[in-house]
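There are two complexes below, and they share chain A, which is joined by chain B in the first and by chain C in the second.
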Partner chain A sequence: MNGWTGKMLRVNLTTGSTSVESSEKYFDYIGGKGMANRILYDEVPAGTKPLDEASKVIFAAGPNCGGSAPCSSRTTMSFLSTFTKYNAICDAHMGGDTAIMMKYAGYDAIIIEGKSAKPVYIAIKDDNVEIKDAASLWGKMTMDTVAEICKVEGAGTNVVTIGPAGENLIPLANVLNNGGHSGGGGIGAIFGSKNLKALAIYGTKAVYVADSAKILELNKYVLEDLMGSNNNHVVPTVAQSWSEYENASTRWTGHPGLTWGAAEGGPIDTGESPPGEITKFGYRCQKAVFDWGDIAEKYTVKMTGCATCPVRCYASLRVPELEAKTGVKAAHANTCLANGVYARNNLLPTFQDVAEPGDGKFMAGYLATTVADDLGLWDNYGELNATLNYFVKDDCALLKQILPPAEFDSIPWDKREAGDITFLKDLLEAVASGKGELSHLADGAYFVSERYKSLLGDEFLHSSAMGLWGPLGGKRHHGNECAAQVGLLTNIIYNRDGMCHTIVNITGSGLPYDLQKSIIEEIFGAGALDKPKAYTPMNESKAKFAKFGVIRQVIHDSMTLCNWVWPMTFSPRKDRGYKGDLSVEAQYMAAITGQAWTEESLNEAAERVIQLQRAMTVEAVGSTDMRNLHDVVSNFIFDIDPDKKAFEEGTVKLDRDDWQTALTMFYKEFGWDETTGAPTRATLEKFGLKDVADALDAKGLLPA
Partner chain B sequence: MSDEKKLGILEKEYSRRQFLKLSGKGLAGIPITAAMLTLFGCTQQQVEDGKVEAIATPTSLLVVNRAKCTGCQRCETNCTLTNDGKAQPWLSRLHVRDSVVFGATEVPADYMHGGGFLGEWDMGPETCKQCADPKCMSACPASAIAPDPNTGARVVDTEKCIGCGACEAACPWHMPKVDPDTKKSTKCITCGACAAGCPTGALSVIPWEDVVAAANA
Partner chain C sequence: MEKEQELLERQSPEEEATPIEEAAPPEAAPVEETPAQKLAACILATTREAHVTPLKKLKLHLPEGVTPEEAEELLTKAGTPEADPALEKIAFIRGKKDLYFYETTLMTAHFAELDSLIMDKDILRTIATVTRSDCKLYPRPTQFSKLMGYPFYFSEDEIEGAAARMEKLEEYADIGVVTASNGGKGFYSTQFISRGYAQGLIESVEVEERENP
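Coming up: the complex of A and B.
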């Protein structure tokens, strides 16, 4: 079999049994997210709570994973959200090496079910699967756990593990592999509830492909002609001899004079990296200075990232001065918002210097990122930091009201007063401990709001300080600040933050707006892409553009590719008019599987997945009224910049009535009932989901 | 550079073709010049730290620079797609997957200060050394490994190979593997697919004439 392995592994932690089953019945859902979502639908009854024994976790990767396409090693994990309203279906997407190891071990998916009576880990070496005792690992931090398991299973083993946060059932607990590669959504708490410490995978098998020569040709095409830098930014920050444009805000930061400053044997210059030169590709994204600022250059050993990815977006730093002063590990890597999130806002009002004057904020952020990853504590795209800040603002006004005095006094406030950056370590350890009231601030914003409703009212969930897309509890992630209604529409699809990068990769590409607009309008029609902070009312082109954003994301999470880089909407090449190629995903699918995949058939399969996910969400909500019960967005989106009206230049605020129009148009694009936003029987049947429609019908959950 | 020195490299290369380790003292006795460092894409310090490995092939020098390796493992999939028509990193003719987590194939006692993703990032592929006196070749009971008349690389004659695995066992680095599908040994043929697809040039193939020119600069 080509692409897919055709097998999935089932591990039952209650009985200790393992079995291998065919995965073929899920191929209509591509793989990865699609496969995992359908398995969850088939096997976990609606109404199950995430920490119930009946709850399951499904790891899955698609047919393209393992076949070498650039950026093809992200794992999708599907399960029930621990931290958002309704505890509905939720996906986490984790980089690193887990997905390829699973494929090379021979599995398209791994289903973890039941609950062990004692701490265990699952060890997989190809066909050999064992459930092993993890008593000695329980309580260990994530990185020590990896080291201990690899001493037994082999140094090349990929270990996915929880830390203390997961063991303590913290709803914002994650799993991690290879140091800082994280999967969130609360999956860590589900692992903990099953007494499952880790999953250790080593695979020696092949991913068979129908046309290896075509795959190598596509790889060359993508790397030479289409792909830019992280988020597919196609314009460098500093003009290079070959470049027509420069744009200081992109992630193509590499340029002559900027180095990996702490590389062994002396700094390595990132240099020029023109399109067409594959062996310089990995120097385009000097992510350390993008995420941390100029101070990080001298601490940058190199850039790392996921298996198969040439972009390398993981800022891999070594900060020995920090370790000497605080004992926190000198070397760690992460990317994007996770880098330094806890040093933002006001958890620490001042920062003591560590190695040089003014470096305290950087050091505090780096320390907290490392500590959080070691604890297995998920930041939820900054939500945990926002919540903690909300409670400590105004001299801890709210915190004093929720914490018993003894617990409040146990927090080392003197360190905070002094700007001692280890305060953040103490605070995060207390949050992850599961002891006391403080830990409940990591329940997820919705559950925090419910728990302290009398104190918080409606303001907390709707505030700009929290920055949620909606009161459901998902963080806004490239929402209305990204292409107006288009970005925000991609957010409301999920039961967590949006995670959709299809649109922001376009708006952030670095190309001049007029050029972006002309390419996007050619595909989606006039008015699809507004100028930043100069928004216009909703229109059908925007609805099509938003649907494209979601569908491509599903394609990527299912086949597997990284939506943080894909699709190739634009290109860095002037001789292509900066136009990318949106047919490449289908070309990979055809080359890998030997089947006649086209852009249309791939879109259709991805839409099947979204229709299923929407139906599952309707079941979890228990009503067809998605417009008023699920797709509600936060007030701050309409109320920011009070001196400006929506659609005036200079603001990203939206208009309430226009938003309702946007929802209606979006529902129409997906064939959902335009009043409620619930999938109709006709639409579900169109995508081969008659059984899903029947099940909804039986519960009275089909729109009239 | 004198003709004598130039001849030194080539003689060592063609007559004995040994595994050349770059060191602070030079390459095969020839002092490292600034031009050679530029050509190899490394620093004198990296050479002195033993972080740069150079493997002589008949036509080129394969340079492995661990400071530039980012652990993406594209070399392994490119190798197997090119040579085996499938993606199977375990089978690859160079090995990096078993050392990307800790920088070595064993977990160091002080892993936090070791290499790889869990340490301080030192990592890099182990490649076939194209040994002057190849243990794989001498161990083969079927005489299936021999120099290719065109490239000089020691290659496996799949007609003769019996898939016994003696080559893998004999190789100090266990570089050859027996493909479980074909039951034939695989081994590096110096095709260069690994280096051509390395996104940071951590692997590079440098023609001998360029090495000699740089040594002479």
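Coming up: the complex of A and C.
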């Protein structure tokens, strides 16, 4: 079999049994997210709560994983959200080596079900699967757990583990693999509820492909002609001799004079890295400086990243002064928002210096991020930090009202007063402990709001301070601030933050607006892309563009390509007119599987996945009225910048009536009922989901 | 096994060995490079180092056998139909103080313009040119931080000083400064964007993008 392994592994923690089953019946869902979503639909009854024994976690990768395409080793994990309203279907996407190890071990998916009576970890070495005692690991931090398991299972083993936050069933708990890549959505709490400390995988088998020559040709094409840097930013941050454009906002940060300052053997200059020169690819993204600012340059050892990824989007830093002063082994190497979020706002109003004057804020952020990763505590794209800040603002006015006096006094406020950065360590450890009222601030914004409703009213969930896309509790993630209605529409599809990078990779590419516009309008029609902060009312082109954003993301999460880099909408090459190639994913699918995949058939398969996910969400909501019960967005999106009107230059403010029009147009694109936003029988049957339609019908959940 | 044997046979020394004497090409007589070729090589070398070549500097360090008059005559024809074929890929920017040459397959006109502005050492003109271009193209204000980094490396004092001087000069009447809520500043040009729009955009690039990475 090519691409897929054709097998999935089932591990039942209640019985201790393991079995291998065929995965072929899920190929219509591509793999990865699609496969995992369908398994969850088939096996976890609607109404199940995430920490119930009947709840399951599915790890899955697609046919492309293991086939060598650039950026093809992200893992999708599907489960029930622990932290958003309705506890509906939720995915987490994790980088690293987990997906490729799972494929090398011979599995397209791993289904974890049941609940162990005592702490265990699952050890997989190809066909040999064991459930092992984890009593000695319970209570350990994530970094130590990885090290301990690798001592037993062997170096090179990929270890996906929870920390104390997951063990303590904190809804905002995550898993991390090998210390550097995390998956959120509350999966850590589900692991904890099953007494599952970790999943350790080592695989030695091959992933077979139908046309290896074509795959190598595509790899060369993508690397030389299409791919830019992280998020497929195709323009460097600063002017380089070969570049026509530069844009300070991009992640193509490498340039002459910027180094990996703590590299072994001395600083390495990132230099110029023109398109086409693939041996310099790894120098394009100096992510430490992007994440942390100029101060991080001297601490940068190197860039690192996931299996098969040339971009190298997360930085490995060495900060010995921080360890010497605080005792925290600063080894954070995670990606994305974790970068310093806890040192923002007001959790710590002042910062003591560590190694040099003025470095306290960087050190505080780095320390807190390391601690959060080690605890397995998820930030939910900054939501946990926002919640903590909400409660400590105004001299802890709200915190004093929710904490018993003894608990409030147990927090080392003297450290905060002094700007001692280890205050953040103490605070995060208390949050992850599961003890006391403070821990509930990591329940997820929706549940925090419910718990303290009398204090918070509606304001908390709708505030710009929280920055949620909607009161459901998902954080706005490339929402209305990214291509207006288009970005926000990609957010409301999910039961967590959007995580859709298709659109932001375009708006953030670094190319001038007129160039972006001409390429995007050629695909989606006039008016598809607004100027930044100069928005126009909703139109059909925008609805098509938003649908494209979602569908591409599903393609990537299902066939396994990193949506933080893909799709190749643009190119860094002037000789291509900066146009990318949106047919490449289908070309890979055809070359890998030997089947006749086209852009159209891949889009159709991805849309099947979204239709299923929407149907599952309708089931979780228990109503067809998605417009008023699920797709509701936060008030701040319409109320920010009170001195400006919607569609005025200089604001990302949207208009309430226009948003309703946007929803209607978006529903139409997906074939959903235009009043409620629920999938119709005709649409579900069009995508081969008659059984799903029948099930919804039986529950009265099909639109009239 | 068959494949291994085939590979061994292919790599057999008898088959691969070719007498070195036979393979070596006949020694060619050295060909003297023309002045145009020498100049092109000089400019190419500087372009490889990510810099334009100022004519005045080139004339002080001319390749052997090229006179200043020859150099000027050859180079000022670059980019015209009369240009020497050896200078086909050479172009220049007419700066305020000099002509700046570069090799076009390695360097873009955009970068050459920036480098020539920097070499002209006219900070006001540099800031105004970059600002107008940024506001017209992207659109966005030109952040002070951009001007403090590669390839400009202006100090904050120099930039603040330039902003103050531009306020008083008619030719820079379109250039203004906006400040984000984090204190980050940027120049904008009213030729292309309004102050209100610039204010919104500086907040985006200085603050909001970092909150939504």
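In this section, the second predicted complex is superposed on the first by the 703 of 704 C-alpha atoms of A that agree within 3 Å, B and C clash if a C-alpha of one lies under 4 Å from a C-alpha of the other, contacts with A are read in each partner's own complex, and residues count from 1 in each chain.
Everything that follows uses one rule, which is that a contact is a pair of C-beta atoms (placed from the backbone, for glycine too) under 8 Å apart; a residue touches a chain by one contact, two chains touch by 3 or more.
What you are looking at is a predicted structure, and each value in this text was computed from that prediction instead of being measured.
In the superposition on chain A, A:238 contacts chain C only, with no contact to chain B.
Once the two complexes are overlaid on the shared chain, A:272 sits against chain C while remaining clear of chain B. For chain A, the partner with contacts to more residues, out of chain B and chain C, is B.
Residue contacts after overlaying the shared chain place A:329 against chain B, while chain C stays out of touching range. Contact with neither chain B nor chain C is seen for A:398 once the two complexes are overlaid on the shared chain. Once chain A of one complex is fitted onto chain A of the other, the partner contacts of A:531 are limited to chain C, with no touch recorded for chain B. In the overlay built on the shared chain, the residue A:382 is in contact with chain C alone; chain B does not reach it. In the superposed model, A:695 makes contact with neither chain B nor chain C. Of the two partner chains, neither chain B nor chain C is touched by A:523. Listed in rising order, the residues of chain B touching chain A in the complex are 42-49, 51-52, 66-74, 77-78, 80-82, 84-91, 97-102, 104-107, 111-113, 117-122, 181, 195-201, 204. Put simply, chain C touches chain A in their complex at residues 47, 50, 106-108, 110-111, 114, 137-140, 143, 145-146, 149-151, 194, 196-201, 204-205, 208-209, 211-213.
Contacts from chain A toward chain B in the complex involve residues 66-68, 97, 100, 104, 143, 146-147, 150-151, 154-158, 178-179, 203-209, 212, 215-216, 219, 223, 263-266, 268, 278-283, 301-310, 312, 316, 318, 329-331, 333. Within the complex, the chain A residues that touch chain C are 238-245, 247-249, 255-258, 272, 291, 336-337, 339, 344, 382, 467, 476-478, 481-482, 512-514, 531-534, 574, 641, 649-651.
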